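Next up: some structures, all given as structure tokens.
Look for chain A in each of the two complexes below; its partner is chain B in the first and chain C in the second.
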Partner chain A sequence: MIDALVLFDLVLALAIIGIAAGVLILRDAFAMIVCFVIFGLLSALAWVRLAAPDVALAEAAIGTGVTGALLLKTLAHLRGRTLSPPLRVKGGLVVNAALCALVTLAGIGVFLATPIGGAGLEGLVAQNLAASGVAHPVTAVLLNFRAFDTLMEVVVLLVAVVAVWSMERGIARAPAPVMGEVYAGFARLVLPAAVIVGAYLLWIGAIAPGGAFQGGAVLAAVGLMLLITRAYTPLPAHRGAARIVFVIGTALFAAVALFVAQGGRATFEYPAAHAKSLILIIEAVVTISIAATLAALFHGREPVAVSVRETRA
Partner chain B sequence: MNFDMNLDTGTIFGVAGMIVFGIGLFGALSVSDSLRRVLALKLCGVGASFILIVAAWRGPAMPADPVPHALVITGIVVMVSATAVALALIRRIHSLENGRDV
Partner chain C sequence: MILIDSLAALAILAGAGFFMAGTIGLLRFPDTFCRLHALTKADGLGLALICLGAALLAGSAGEIVRLVLIWLFVVLSAATCAHLVARHARADAAAARNTAVTKETRP
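Now for the complex of A and B:
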């Protein structure tokens, strides 16, 4: 007597596995990327079934949405190149397949032998939730109990944009696709709503699933649309402002962490009376930084490189 | 070892996550195309996330452990950063190979 929901889980799991294999098997590069996006969305659905709505939101918005945009942009750069056949059957392939099957089977064996639902950290989190300043456990972990991780995560984003700007300096400008007028009209209608959704996700993160990263990704989508519709064109003159926006999230986060570390408190130990305000201020600024950084990762090249090239040519 | 197979959501998606990880590992080892290899590594990442989320799951009626959730959210953001850098490398290599570099 299989429960209907368990049946749904089984079908979903099989679909996820099949589509993951499709990413490797499909010949066409565009189909491969679409396959990957569907894979991400189905994974997010599975994580909702596993009571992880925050992670599902982050995966759908960042792991699938922003990543999909990055992949399609890269594909536009590579267009004209024929994709090598995905898998050629040869001796090495069989050995690889056998080894990976062994690793997978061993992993499944260990997973099935491990008792699920042992004591985790949820008890500790629940005990200290009242002192964290927010009512949603995941936000409390991200912005308070393990805030140092989150600070480093924002630093990683910063490093990524620095690396991408440096690497793209030498690339010739790819012919950017121009969207039609219908698309521009669509953007005009959707952008204000997307801004509201992003801000709402940020605000609701204090009490329910949502938060800085999910809100930042939605705002980044606004940035992507502005870039695609040419409603906003990055100019070399905007470089300074862009740099400030990239850094301000990390800088404010670190500054608050150090500032609260006085009078016997450690870094990141927010005073209880101001914890919620401090967390919301950090989240708001970090959200703007994340949105700008993700949009810049999509845009790729540093605006000044364009102007140098244009004056040279 | 205790192998009693009760087919619940956690077991199903845990096994699925392991298989996705295996598929990604195989792709990362076997595929010669750089873009597809990046995607294979991302499959590995999502498979690992599945395991973390299943480990945090406490059944349909109980709230899950928030700490692994926070770790996976951190992982997703780190993964998009790494992907962006990898894709920039691929674009640059392609541009160098085609003599379009300035």
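Now for the complex of A and C:
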């Protein structure tokens, strides 16, 4: 008798592989995006089955929700233009295949080299959890033990928005889409609730799955809905404030990390008495930065009034 | 305890049945509106039954409140999405009809 959950996991794994193949094989861009979103949702389910609800939340919110919206927005941007045929470089296929094989081999090697049923770092985290200032091991790792990695993740988002603002400028002139009264009622009810859910995810991160990235993604979804319905239109005058919001997460995180490095402590070594408050302050500000950055990436351009000549060029 | 467990199992199974019916409808029905009809109605009820089953097994009042909230928001967003998709499909059909008419009347 096979355990029903093993059967479920098998079906799930096969479905994930199948849908991943679908994303690669399909030729219609819209169908590809839909498949990618389904792929993300199934992956989130797989993370839940692997007892990693934090990763599942992040995958569902950022990997599926926000990324799906970004892809659809890009598709709408490209609509009406034909995609340029993929650049064929001689021998490119061979090089690609070789690199993919290398990564796969490395993955297999790591898998085989890992001792089966080994303790991992779990015990080490559990031992030092009391010193981290938070009660949830994942948050303790992300914001305390490996805070540098998290800081770099926030920097990646900042770099992304800087790149987008450098490439695309202009103010959206397309008329606001008519969404109707049903949507208006829905937005009135759901947007405030979504703000509460985002804040809740941030707050609960100290003791349970949740945190800055998950909360930020939910708040970014609120921003996306405001942008889609033109309830908020980015204007040139807002750029200063926007830049401050983009940077403040990274800046405050780095400032705290450097500021605590005195009196014999290393960088990122929060004093134990204030660790929880410092982590929560960092997470709160980083959440706001992440939300604003993701929403700005969705908007996809620096709101500058460009002259007619520049537009034509 | 066994009674509650079996009631919960029954509710979850029935919910899964509605999801299955909705999915078959999505795959088999002829046009956008029929498909939306099958999908939103069956899934709303299916999720309600699954949440009911989970609520019967829930340990605390807080969990039950969260389950009810989850159901409420999923149903709200599903209904709104269905409405938006239907609006879009109708506008598309109207636009297609108009172009067809202009083409026919063109000398």
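In this text, the second predicted complex is superposed on the first by the 257 of 313 C-alpha atoms of A that agree within 3 Å, B and C clash if a C-alpha of one lies under 4 Å from a C-alpha of the other, contacts with A are read in each partner's own complex, and residues count from 1 in each chain.
Rule of thumb we're sticking to: a contact is a pair of C-beta atoms (placed from the backbone, for glycine too) under 8 Å apart; a residue touches a chain by one contact, two chains touch by 3 or more.
As the structure is a prediction and not an experimental result, all values here were calculated from the model.
Novice: Touching A:55 in the superposition: chain B (first), chain C (second), both, neither?
Specialist: first
Novice: On the superposed three-chain arrangement, identify whether chain B or chain C touches more chain A residues.
Specialist: B
Novice: Which of the two partners, first being chain B and second being chain C, lies in contact with A:213: first, second, both, or neither?
Specialist: After superposition on chain A, A:213 lies in contact with chain B alone.
Novice: Just checking: does A:130 make contact with chain B only, chain C only, both, or neither of them? Give me first, second, both or neither.
Specialist: A:130 sits against neither chain B nor chain C.
Novice: Just to be sure I read the superposition right, which of the two partners does A:157 touch: chain B = first, chain C = second, or both, or neither?
Specialist: After superposition on chain A, A:157 lies in contact with chain B alone.
Novice: Which of the two partners, first being chain B and second being chain C, lies in contact with A:183: first, second, both, or neither?
Specialist: A:183: touches chain C, not chain B.
Novice: Which holds for A:193: it touches chain B only (first), chain C only (second), both, or neither?
Specialist: second
Novice: Where on chain A do chain B and chain C both make contact?
Specialist: After superposing on chain A, no chain A residue contacts both chain B and chain C.
Novice: Using the touch definition up top, name the residues of chain C that touch chain A in the complex.
Specialist: Its residues touching chain A are 73, 76-77, 79-80, 83-84, 87.
Novice: Spell out the residues on chain A that touch chain C in their complex, using ranges where they run on.
Specialist: Per the touch definition, chain A meets chain C at residues 179-180, 182-183, 186, 189-190, 193.
Novice: Can you list the chain A residues touching chain B in their complex?
Specialist: 2, 5-6, 9-10, 13-14, 16-17, 20-21, 23-24, 29, 32-33, 36, 39-40, 43, 46-47, 49-52, 54-55, 58-59, 62-63, 66-67, 70-71, 73-75, 77-78, 81, 83-84, 86-87, 92-93, 96-97, 99-101, 103-104, 107-108, 111-113, 115-117, 120-122, 125, 137-138, 140-142, 145-146, 149-150, 153, 156-157, 159-161, 163-164, 167-168, 170-172, 211, 213, 290, 294, 297, 300, 309, 312
Novice: Considering the complex alone, what residue numbers of chain B touch chain A?
Specialist: 1-3, 5, 7-16, 18-27, 29-33, 35-36, 39-40, 42-43, 46, 49-51, 53-60, 63-74, 76-85, 87-92, 94-96, 100-102
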